[in-house]
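Two complexes follow with subunit A in common, the first pairing it with subunit B and the second with subunit C.
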Partner chain A sequence: MLKQYPTLRFILMRGGWYFITFLVAVTINFYLPRLGKHNPVDIIMGKSGSGMSTEDARIKEEMYLQEFGLVKVSGSGATREIVRDSEGKPVRTTGFEQFVTYIGMCLKGDLGTSFQKYPKKVVDVIKEAVPWTLALQIPTIICGWIVGNVLGAMAAYRRGIFDKVFFPFALGLSAFPFFVFGMLLVYFFAVGFHWFPAMGGYANNVIPSFSFEFFSSAAHHYVLPFFSIFLILAGGQAIGMRSMGIYELGTDYIKYAKWLGLKESKVLAYLFRNAMLPQITGLALSLGVMIGGALITEMIFSYPGLGMAMLTAIQNNDYPMIQGVTLIITTSVLIANFTVDVLIGFLDPRVKAGLQIGKGN
Partner chain B sequence: MKILKNLLKSPMFIIGAGLFFGTLLIALIGPIVYNMTMDRVGAQYAAPGGGYLLGLDDLGRDYVSLLLSGLRSSLYVGFLAGIIATTIGTLIGIYGGFRGGLVDDLLNMMTNLFVVIPQLVILILISASLQEGRSLTLIGVIIGLTGWTWSARAVRAQASALKSKDHISLAKLNGDNTLRVLLVHILPYIFSYVFMVFIIQVASGILSESAISMIGLGPLDTVSLGTILNQAKNTGALGDGVWWAFMPATATITVIVFALYLLNTSMDGVFNPRLRK
Partner chain C sequence: MMRSSCLKVLAVGALLLGLVSCGGSSGGEAGFPRSKTLYLAGSQWGDPNTFNPLVENWQAAWPVNDRFNLMYEPLITYNSLNGKFEPLLGTLVSSDPDKVVVDINPAAKWSDGQPVTSADVKFVFEIGRRFRNAATAFAIDFTKEILAEKLENGGERLTFVVNKESRNNPLVILDHLQAIRIVPAHVFEKLLSDNGNDLSAVQKLKIDKDPVVTGPYNLENYTNERIVLKRRADYWGNDVLYGGKEPAPEFIIHPIYKNNDHFAIALQQGKLDASQTFMPRIWLKKKDGVKTWYDDAPYFVPGTMPLLVINTTKAPLNDKNFRRAMAAAINYNDIKELAVSNYASDLEPGLIMNQGLEKKFFSAEDAAEFGVKHDPELAKKILADAGYKSVLKADGTLDHMLDKNGNRLPTLSIMVPAGWSDWEAMVKLAEKSLRAAGIDVREGPVDAGIYWSSHGPGNFDIVMRKLAENVTPSLPWGRFEAVMSTRNWLPVGGDNWMSENQGRYNQPGTPEYRPEVDSLLKAIPTISDEAQLAAAYRELNKIFMQDQPVIPLCYLPEQFYQFSAKQWKNWPTSDNPYAPPLLPWVGASTKILWNLQLAK
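Moving on, here comes the complex of A and B:
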């Protein structure tokens, strides 16, 4: 049916595939935190339950048990009540029942309640953090990819002294763990030279609003996190593009173009276009690593994004929050991957010609 | 032998191997030569000097001892994770790539599925749920078990390219069983490739451990380079300009990973003739 529209067919198939992946990811996201076999309510009660009378503690515990879906509940709304056994004890739900409830809640956009910021909803905490993370990561990854690839192609094409200096430099950059590089930038440019602030997304005395003051403060805080992610990404991409470019340089079409005496920029453009496709595919594969690394960089800078929300959650054993953030991260990685796939659907001549890619290679 | 000769001609290989074996040597003989102690020996964040080359940490422990211990932990985790991930990846990749058909489709599906779910997310979820008993070995095993996907993909591509080669068909005609074909006729051809995959897996194991430890989910039974950095971050050493709290650990991680990358790239240049000038 979709034979006439190979690109659309490709995109739909990839979309279906990502949906399956998403379901697996949600399942993993639910079951992995339950490996430890500890009850989240015990953790909260351990923290806040001391000093309460037994009756108060019991009521509070039951409230939490209900809140986190650990006991069976009958009715809805105001008539919600905990189902009890013959001794009056709440009936516990099974792991699978909890899983079904969890999926239902996820579909409604409810990721549960934070332990640490109780009764604040996980979704609300995430909503505050997401804009910061998006504003930091999307431009950084795109800029890093473009700059890295252009420099890599140039290194492959020129070789010589440019390559000799550039290549070890790029290799060194890409060997830095994201957060380690962030630490060095903080040390030199924030603590040492005082050029930029060391942490946060904006200055303490500024209130987030649509004002010049806020945006200039945010921009000032943006510089170091941006460069610590950007430089490493660009380094890694440049290395990949360089070896891809060297390989392409040996192909007939480049030799022919050179023999024709085409301008260097023209040959470079051909080279770039052909070597770019594997680099885009490579981008899809490494997005998870990039986003993960960038989140840890956010933690170094105490940047008010998802990374920081995750770090706070980990430090406080805030399981619903950890689970919520990991689910959002996985989902965004899948969406980003799908976007790259759509791009491939439009750019790859093999897809446009209706050929199956990835088969029989 | 010829390969080794070619490798030794590459300055990148020599630098990489030198750095790597240098750190390995330090990790091995360091504790013998240096009098390591994990006890409090002085004031919090005492500056380098006075017999303690790299100063003291926030608990007054000697940083040289901590770094040696951390370096050993990182190398151990890297190799453990690298061996597990490379073994699983190679087995799945070779088998799938060579057999093709339904088994390949299933293995490939599984690989493609786990390749897009970020490893860091899985690591965080598992580590956060294991509050007690989070040992260095366990973390290494988990990193290995979650990190094999891309090596399976890479090896599969290599194995399936070999599948239709003449010597494989001959071996099959000769009546060799699948296992023999895989071990005798395919593995030797992609061994250099698998070895390069292994090097990268070791590097990424070290990076993963330091990342997970950095955010406070590291091993509870020992010091690693990541836990040193975590402590430096938590106690605000970074903002206070206490460089010895994070600079040496940072440099150590970077040097090991850089050395491994150099080794990998130089081998790529030798094994893959297309990259040769």
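Moving on, here comes the complex of A and C:
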């Protein structure tokens, strides 16, 4: 049907596969935390202090089970009643029943109420945290990617002293675990020289608002977290780009371009475009691990973001929170990968040629 | 060309960076000036979820959680230094085995101008009669009813009648009076009736917009990074309790850090004025102005003891000889020196501290006669006498243990929350000395989720816990109750939730059951004669040392009270003990706020 539009067909096919992947991922994200035998209500009970009689503990436990939709309930409002079996024990909802409720709520844009951050809504937690995570990670990753690749390509092309200095440096950076690097930044630039603050997303005495004050404070707090990721990422990207570049330099088209006497920048542009393809896939992958990476940054710099929310949710079997955060991660990873897939389709002549052949059939 | 554009990018980047660092250092004073702001930390770790005083303690954000009295206030406060009760919303008149009498302060007012009345007190103390699942529902098990009578000065006299049919425990009523904060009945009754008398609907409200409070501060604003309180100009207590003086700081900010190191950095940089977090080797931070109650070791005042709770239903832990051998094997001095930076004096056997308010109940004679101290040879002897055998590897390290019938014993695990570094350090050192004495245990770090959910049903071999961690009027009774009471005894596993004695010590109905434990636990709160009380405590501590149901590891302070005098001075210390060593947000230490002075 879409044979005359191979590109559109390619995009739709890919999109279809990504949608199926999405459904599978959501289902796995739902069931995975429930596989552990630990009941989230037990955790809450554990924190609710001592001195409760057995009867009080039972009443409290039932209240939470009901609140979190883990037992069957009849009626509504103040007349809600827990459905009980013949022994008077509350009837638990099955995983599948919870899944159906969850999907129904998701379609209405409701991700539920967090167990641990009760009575906060999961959507609110995500809304508060995601802007910080995105504002730190996206520019860092993109800048690191661009700077790393440009420097890597230059190192490959120029060789000589630039490469001899740059390559070991980049190799060293990329091999550095970035939490160690982050701690070193704090040690030198925050504790030692007092140039930048050691922690937080903005100064404690500033009110978050659209004011110069807030933005300058946020920018000041942005520097160390930014560099903790940026430098290491750029180092890693540069290494990859340099190897790809050296490989491409030996290819016939570059030699031919040089023989033709093309300008250096033109040859470098050819080189860049071809060596870049695997690097683009790498970019999509680094966007995918963004939230996990954010956690480390958040811990080192007490920076706001989604990573910590996810960690505490997982530690506490906070089902709605885990589901909500993994939904965001799944969606962003899939979107990033899908975009790269489509981009590669346009950028890689081989993929493009494949599409053209498809057209011929 | 490529190079020049690269250079441009770098130049622009450098310029932006320069701008940012200038902007950051110059700006930021407008919101909350440093000279008017007190920075306190260590009580709020995650996002603030709600400021509703009717939710469970751990669910609410600072300062509505725990026992903090900056927004909502209790009737009285307890001075953990001298054991005296100090007036707040009320004044303690008397307490005896039948009743506790408190006069409401006639000047006490809510921030909306309404007076504090017996209706407010009854609302929160008697909420359990209306909603059995309310956070303070437990109060009715102790207080049968609250009788109110008008006094000539316009105030009210409240008589808390001891619930003899239920818990019969006036001691815990005193605990409640200093811990349960009074909430405005007129506000919450209206919220309840607006929500169809559904408590869980009211619990979902965040109560973060102009809450009606009695305390000296109120919520100004909050984000996930910090909570800001503002001084109330019309606080009723300024005139009545502080001779017309206002608290010194206009704002109190609680920054929320995600990393323990940040408290130390902030204190050293003067960005934080006080914190209650564990900082190892505090003497190294002295040069940067970090101070503590005592200038030298032990730096802090002991108030609590972290302990190993033992699952006494599981072999070989069900054998008291084995437990006593464990207690003799552990090197407490190592734990004190290496894990908690010498922040306490030497541990004595038993569950009663040999100092402070508990000293009068401590018997050195009994400790020497019935208790065990660190003595690896004694540990080996107790094990050998009881028939246990430690099998060693070729290199002399422990391989496994055999019981008296020659059966191999499983390796025991000490459960501890992964990442709680000071706790893990204590457990690791305990593990080391236990293994050296031939006892097969290993540290078992687990996720916080597993940790919290395992206590109640007793799903552990040994678990590290800090019970009765606040210094309250009911200590040391509260500590004994937490580890020895069989009031709610249930077998291990399933839905069998026990909130005290989670190690299932002293199972009723078995030949080893010692009924005197429960009768002493029941009797102590009603004994008013000091000599009788000391004798009862002696007896209980003797049983504890004989049976060793849990193993205390060291003494620790109730709070790691550490402060910096860079911005604010006149903090209480051992030289100037005008308030207990607690941050100025709880108990009798809130008065620090009226005593602080600007350092410059």
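A few comments on the model shown:
Here is the rule we go by: the second predicted complex is superposed on the first by the 303 of 361 C-alpha atoms of A that agree within 3 Å, B and C clash if a C-alpha of one lies under 4 Å from a C-alpha of the other, contacts with A are read in each partner's own complex, and residues count from 1 in each chain.
By our rule, a residue touches a chain if its C-beta (ideal position, glycine included) is under 8 Å from a C-beta of that chain, and two chains touch if they have at least 3 such contacts.
Remember, predicted model here, so these are calculated numbers, not experimental data.
Of the two partner chains placed by the overlay, only subunit C lies in contact with A:298; subunit B stays clear of it.
In the superposition on chain A, A:198 contacts both subunit B and subunit C. In the superposition on chain A, A:13 contacts neither subunit B nor subunit C.
When the shared chain is aligned, no partner comes close enough to touch A:262: not subunit B, not subunit C.
Within the superposed three-chain model, A:25 lies in touch with subunit B and out of touch with subunit C [touch as defined at top]. Within the superposed three-chain model, A:342 lies out of touch with both subunit B and subunit C [touch as defined at top].
In the superposition on chain A, A:130 makes contact with neither subunit B nor subunit C.
Looking at the shared chain after the overlay, A:334 reaches subunit B, while subunit C stays out of its contact range. When the two structures are aligned on the shared chain, A:82 is found in touch with neither subunit B nor subunit C. Looking at the superposition, the partner that touches the larger set of subunit A residues, subunit B or subunit C, turns out to be C.
Looking at subunit A, you'll find residues 38, 186, 190-191, 198-199, 299-300, 314-315, 317 touch subunit B in one structure and subunit C in the other. Against subunit C, the residues of subunit A that register as touching in their complex are 38-40, 42-54, 56-63, 67, 77-78, 114, 116-120, 125, 128-129, 147, 150-151, 154, 186, 190-191, 194-208, 212-213, 216-217, 219-223, 264-265, 268, 298-300, 302-304, 308-309, 312, 314-317. Across the complex, subunit C meets subunit A through its residues 1-3, 6, 9, 17, 20-21, 23-34, 37, 39, 46-47, 49-50, 52, 55-59, 132-133, 137-138, 141, 172, 196-198, 200, 203-206, 221, 223-226, 253, 255-259, 262, 265-266, 268-269, 271, 447-457, 467, 482, 487-488, 490, 495, 497-500.
Of all residues in subunit B, only 12, 112-113, 115-122, 124-126, 128-131, 150, 157, 160-161, 203, 207, 210-211, 214-217, 229, 233, 238-241, 243, 246-247, 250, 253-254, 257-258, 261-262, 265, 268, 274-275, 277 touch subunit A in the complex they form.
Listing the residues of subunit A that touch subunit B in their complex gives 17-18, 20-21, 24-25, 28-29, 32-36, 38, 159, 168, 171-172, 174-180, 183-184, 186-187, 190-192, 198-199, 239, 243, 246-247, 250, 284-285, 288-289, 291-293, 295-296, 299-300, 310-311, 314-315, 317, 319, 322-323, 326, 329-330, 333-334, 337, 360-361.
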